[in-house]
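Sharing a structure, written as structure tokens. Questions coming.
Residue numbering begins at 1 within each chain, and the chains themselves are lettered A, B, C, D and E in the order written.
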Amino acid sequence: EDDLVLGYMMAKSGPYVSLANTNEIAVDMAVEEINAKGGINGKKIKVVKFDTAGDPKQATTALRSFAQDAGALAVIGPFSSSEVRTTFPVGEREGLAQMSMASSAPGLTKGFTYGFRNTTDEGKVIDAVLGAIKDKKLPMASGAAAYATDDVVSKSIGTKVVPAEFEKFSIPLKGSVDFQLGAFDLSPQVAQLKQISPDIVGLGSPPEGAVNLAKELKRQGVSTRVIGGTTIADPDLPKRMDGAGENLTIGTTFFADANDKTKAFTDKFATRTKAAGLRTDPNQMDASVYDIVYLYAEAMKRAGVTGDKAKVAAERTAIRDQLSTLKDYPAMEGSISFTDGDAVKPVYVIEVKGGKWTLLDTRLPN
Amino acid sequence: MALLDVSGISVSYGRVNALKDVSLQVKEGEIVTVLGANGAGKSTLLKAILGAVPLKSGGITFADRDVTRAQPHKRIAEGLVLVPEGRRILISLTVEENLKLGAHMRRDGTAIAGEMDAIYARFPNLAERRNMLASCLSGGEQQMLAIGRAMMAKPRLMMLDEPSLGLSPLFVQKLFELIVELNRDGLAVLLVEQNTGKALSVAHRATVLELGRVTMAGDPKTLADDPRLQAAYLGAGEATPA
Amino acid sequence: MRGSMLAQQIVNGLMLGAIYMLMAVAFTLAIGVLNFLNFSLPGLFMLGGMVAYGFIKFGWPTLFAFAAALAVAALVSLLVERFAYRPMQGGDPEVPLVSSLGFLVLLENLMLIYFGSDQQAFPALVPDLNLRLGGLVIGIAQLGSLALSVLLVLWLSWFLSSTSTGRCIRTVAENRDTAVLMGIDTGRLVPMLFIASALLAAVAGLLFAVNYQQVSPFMGEGVGFKGVAAMIVGGMGSIWGAVLGGLLIGLAEVLSISFIGADVVNITVYGLLLVILILRPQGLLGRPATREKL
Amino acid sequence: MSGYLTGVLVVLAFNVMAAYAVYLPLAAGQLNLGIAGFMAIGAYASAFLTNEYAWPMWAAIPVGAGLAGLTGLLIGIPVLRTHGIYLAMATFALGQVISALFLNLEVVGGAAGYPVSDYVGPNGVFLAAAAVVVLMLYLSRTRFALYLTAVKSDPTVADLLGVSVRGIQVAAFALGAAVAGFGGAFYAHHYNFVEAQHFNVLLSVFTVLYVLFGGTQTVWGPLVGAAFFTLAPELLRASDQWRYALFAVFIIVFMAIRPQGLVTTSLLRFARRKPAAESSEAA
Amino acid sequence: MMTAALSIQGLNKSFAGVRAITDLSFEVPKGVTTALIGPNGAGKTTVFNLVSGVYGVDAGTITANGVDITHMPSRKRISTGIARSFQNIRLMSHLTVLENMLVGQHVRNTSLRALLTPYRLFPNHRWKVEARAALAESGLEEWANETVGALPYGVRKRIDLVRATLAGASVLMLDEPAAGLNPSETNALRDHLKALMAKGITLLVVEHDMHFVDSICENVVVLNFGEKIAEGPLSQVRQNAKVREAYIGAEEV
């Protein structure tokens, strides 16, 4: 009789809508697939949804409501790093697991036993990108960093990850420029980059910054290879750069054309989103959130949860315990394991060629 | 036909009925004075004639035209002008700009400069301060400016709301001489005054307002002797709180 | 830093300043004349860019799309006048701010619903819109906006100080009730002003879209706030102050980015504003408030 | 109480504290558009003390509030020389500068934000908000509140009557800053995380928005405004992406009909006259 | 010798180069109701503004009740016992009439404790009782709880006066108190001022209504173009040719 309740924090309004508004379809897809195959331990999965608008305060409200009102066994989300920072402490106190689909700031899960992320640390992603460039023998004699200063993830990429990785690959870091998240005019930064003229620019920024930087580089006639992590893994990015940004190289945890599984997901996703009048190419968060449902399903199966309201606290903990030891689960994105709450999974290094994303290399963990 | 014909107008501010069924006429070339205690509704009457407060009922014609529903700027374009209570000069404009503002409806641009000089000649205080901000003027100087500004509009009917307020005795005399002179040149005047004696002495006709109602009207000479006029001032002619 | 780069940075700063300057003039019209801190202006700026983008995407010829964007902004501004400004007369001066901000939120959210929160690529009008002088790269659109802004400003300051309509506008600015008693048709004049400031903001938005080839529902906020800062730095109500302020803010921003880093932009730009306000509360070209006469 | 309701009420409590921080100077005619900066000071300072020096919360929170108030006092003295819109912009700039400083202050995490170890539960937050409301109710009954309005109404005459206009203004500003810091300190310890980006312009501006919406004529306005702004979007949850657009339309229409805000002196007087035709001056 | 209530010596003031007050000296002895008269723009209000500190003086000294207030901040001057009313009525329009009175009492009531006493909780707090009594004396009690915004001119004028008296000052400067009042109101005002005089309050009055001046003032100072042109009892000053020419005109006496 009891359903297995999962809470789901959506970011359907607020700053992340365009990245997050298709996530719900991916979640529904996964849940329907699992339920159609008989559910978990004979029980159906039921998802309770809450729109947080990307706001940390609303996210804690959501979590409280999942924990205290909905009797959720685990929680999908929250979306962004800021939300994670406020909901993970609440989840820890409530004894309720959460798994974020987009937050990629370094070290967010540290100190939390109920906090998980199905995302890859940007350090590992950039490492994979540079590895691929080296393997392909592309020019990498000198480098510079460019990053948004007022965003957690971007700034740590620009100030920590990129310098460390450049050093590891013995690329001299010849300078760095920064900009504000909302900056539209990157001409002063590009004027500086023009003087440095590096082979590689390590970029820490959301997609908007990447687009603006690419356009300004083109305007001022600077040619260099911009590299980045999952923060700019937007399937529409080449289109949005409108002719600029050739050679932009990034790492992502999802690439639609990677294998049959991903292609099948992409096709099914496209039919559903088309019907809803939304973007048809799944992005990395769509893929991640789809797999989160499967990861929870696996953990619930292994923990033998029943959805019995009387046992909810124990079952929540059991799910957490199963997740933290999960190894090599064959998910759609690839094989997923958890270390310290963060997912370890393949990174696809992709490059803009002729205004399209093309696969440069696939890097498996280790 | 009268130049201004106010027939049975009523005005209220929320629950306060400021004017009740007030009628009044001003003929071409006439000086009409409106007397009444504080709060009787005199200022309200003038504003209603100008169209700055909405009527609850009644009608107004000016220069043979029904202006009951016309906007203030339309009425002013027809030749109506008000020297408002408390002068209302524009303190962020210079003296000269205030005067020019008075003429903003007029199309006969060339005549304006000459008239401005005439006004400066009449009010030398203003001439000396023509490029100063009007905020610097003394109370009386501001009153002069307000009258000068109204003259710049070249009106057919000038309404003055307590123009002698704050003026020196000498200047009050000059003011009334000015009113008579302008009237002689054909200007009709509707004058609200606390200075009852002076007002009655220049007016052709007078109307007394009490608590928003016309209680007396007629020839100023007879009114001046009417014991009821005294009563209107010495009695409890005040509004009570709503 | 090499000289050529400094020159480039100064050019960059002036170009950025031109956008702020137009916004600052739009704000100055609203505040200096109507005493209304019109927070819908950043929204109208955004409309200028977004609506043009929408119509271009719809297949309209560019110029039609531009005209349509300006018309939409003007119409919306009339709504702002009707609902945010007119009913508030005589109340506390802060109140219209609320409703105008309401308009900003409304416009942003309507665009958000229609276009999504992403920044969209505004099509380039001509393949390469840049002058290249030696090592310097100068955007033609930016140069144009600088020139256009200066012309607009020249005309506006003449208009306000020397025409009868300008005087009437200043009368309304000082006291709307008195303006009515003076026979000024406020019902016509005030909406005209709203249209004028809306057009300035929307033109700024269009120029922004053309210059930076991007639009988004939130593009007005950053520029809008800097525009207000520029207006204040220059001196509120002073049109030349808005010009000076816009250019100063643009330069301060670009130079602090290139000499120190983007993380200090807000500190330098708003710090500059704060320091100026403390040292010279009326702004650089503003008139000091005189102690009122009793 | 359901978890959902708790979450919403906690947000309400923070909004109420912010609202009164804006209200105090506004009652004296000063628009403070930088309230978020003072909240940030309270939040970071108290978090720093509990995190790095292991201060107990009950000591760190008042110190955070005090520091915000002190900043308000020191900055208020020069900034309050400006008036009207200039003052609004000066406080706006101040808010921007403060939050930019924290964004770059690496000892408190810089852009990465600052996790806070100690936790204060919902009841603590409710208590804090209640304390602020009680303080405001008390103040509204004193001459201090009377002078706030007098200074707003006519500073020149208030000065000539012997009222220290600057003193009152600075006190209102600094007290408002302290209240903001107090709220901020609780914020840090309730959500266990502070980031400078949260204390942005929009927070300041929206707070002003709901204070004006509630009405500044009486001490109840900010409370009602904060409640409305917190609860209405929750009620509109069903309308999905339209919720903020609908909300904005509502604000515009409402303010057009009732520019004085929701709660006004005459409204209270009216309400009071009904039960007892008593003195109507207290409001 | 008794110190004067107000003493002005060698006062000078110009605005942007225009002289408004030139070498003005006069005294208001205690208990001697004095009028300051002169044509429009002569500088009467400016004298008030200089005494109350709205403007700083260019030269000269101002002494109130023996205290040199020339350079005292405007806020502090009222505590030397000198209060004023305003030519253009200045009431705090957001406050009720009673609250305006309470602000008027401030100078007698400046302690922190007074500031933070929740007087509103006590319907019969002594300051409120006093203010109500003062309003009642001028027949204003019915307006006590109205906001002053749209009250009739005559009422506002009286409120302004009562507020000035509540500061408990020994010298009151009144700027055109009878302007805009009708004859009956002017009579009431006269009675009110006489009552104040009986309490030992010294009045300095600017007024254009000569009958009114005649009925209460013992001494008259006449200004023209910022200079004193005559001083003495009104009956005497009236005969002065300069005064007649500049100010009174061929007035029917």
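Keep this in mind: a contact is a pair of C-beta atoms (placed from the backbone, for glycine too) under 8 Å apart; a residue touches a chain by one contact, two chains touch by 3 or more.
On a predicted model such as this, the values are computed, not experimentally measured, just so you know.
Within the contact network of the assembly, the step distance from chain B to chain D comes to 2.
The interface with the greater number of C-beta contacts, when B-C is set against D-E, is D-E.
The most distant chain from chain B, with centres taken as the mean of CA atoms, is A.
Centroid analysis (C-alpha atoms only) places E farthest from chain C.
Rounded to a whole number, the gap between the C-alpha centres of chain D and chain E is 41 angstrom.
One finds 29 Å separating the Cα centroids of chain C and chain D.
Chain A and chain C, compared by their mean Cα positions, are separated by 37 Å. Distance from the chain A centre to the chain B centre is 75 Å, each centre being the mean of its Cα atoms. Within chain A, the positions touching two or more other chains are listed as 17, 149-150. Along chain E, residues 45, 54, 86-88, 90 each make contact with two or more other chains.
Contacts with at least two other chains are made by residues 112, 263, 265-266, 291-294 of chain C. Chain C makes touch with chain B in their complex at residues 164, 167-168, 170-171, 173-175, 177-178, 180-185, 187, 290, 292-293. Against chain A, the residues of chain D that register as touching in their complex are 2-4, 6-8, 10-11, 14, 103-104, 110-113, 115, 119, 191-193, 195-198, 237, 240-241, 243-244.
Only residues 15-16, 18, 37-43, 45, 87-88, 142-143, 146, 150, 152-155, 176, 179-185, 208, 210, 246-251 of chain E touch chain B when the two sit together in their complex. Put simply, chain A touches chain C in their complex at residues 14-18, 21, 148-150, 177-180, 182-185, 187-189, 191-192, 195, 207-208, 211-212, 215, 219-221, 236, 239-242.
Chain contact summary for the complex, chain E toward chain D: residues 52-54, 74-79, 83-84, 86, 90-96, 98-99, 102-104, 106-107, 109-110, 114-121, 123, 144-145, 147, 163, 167.
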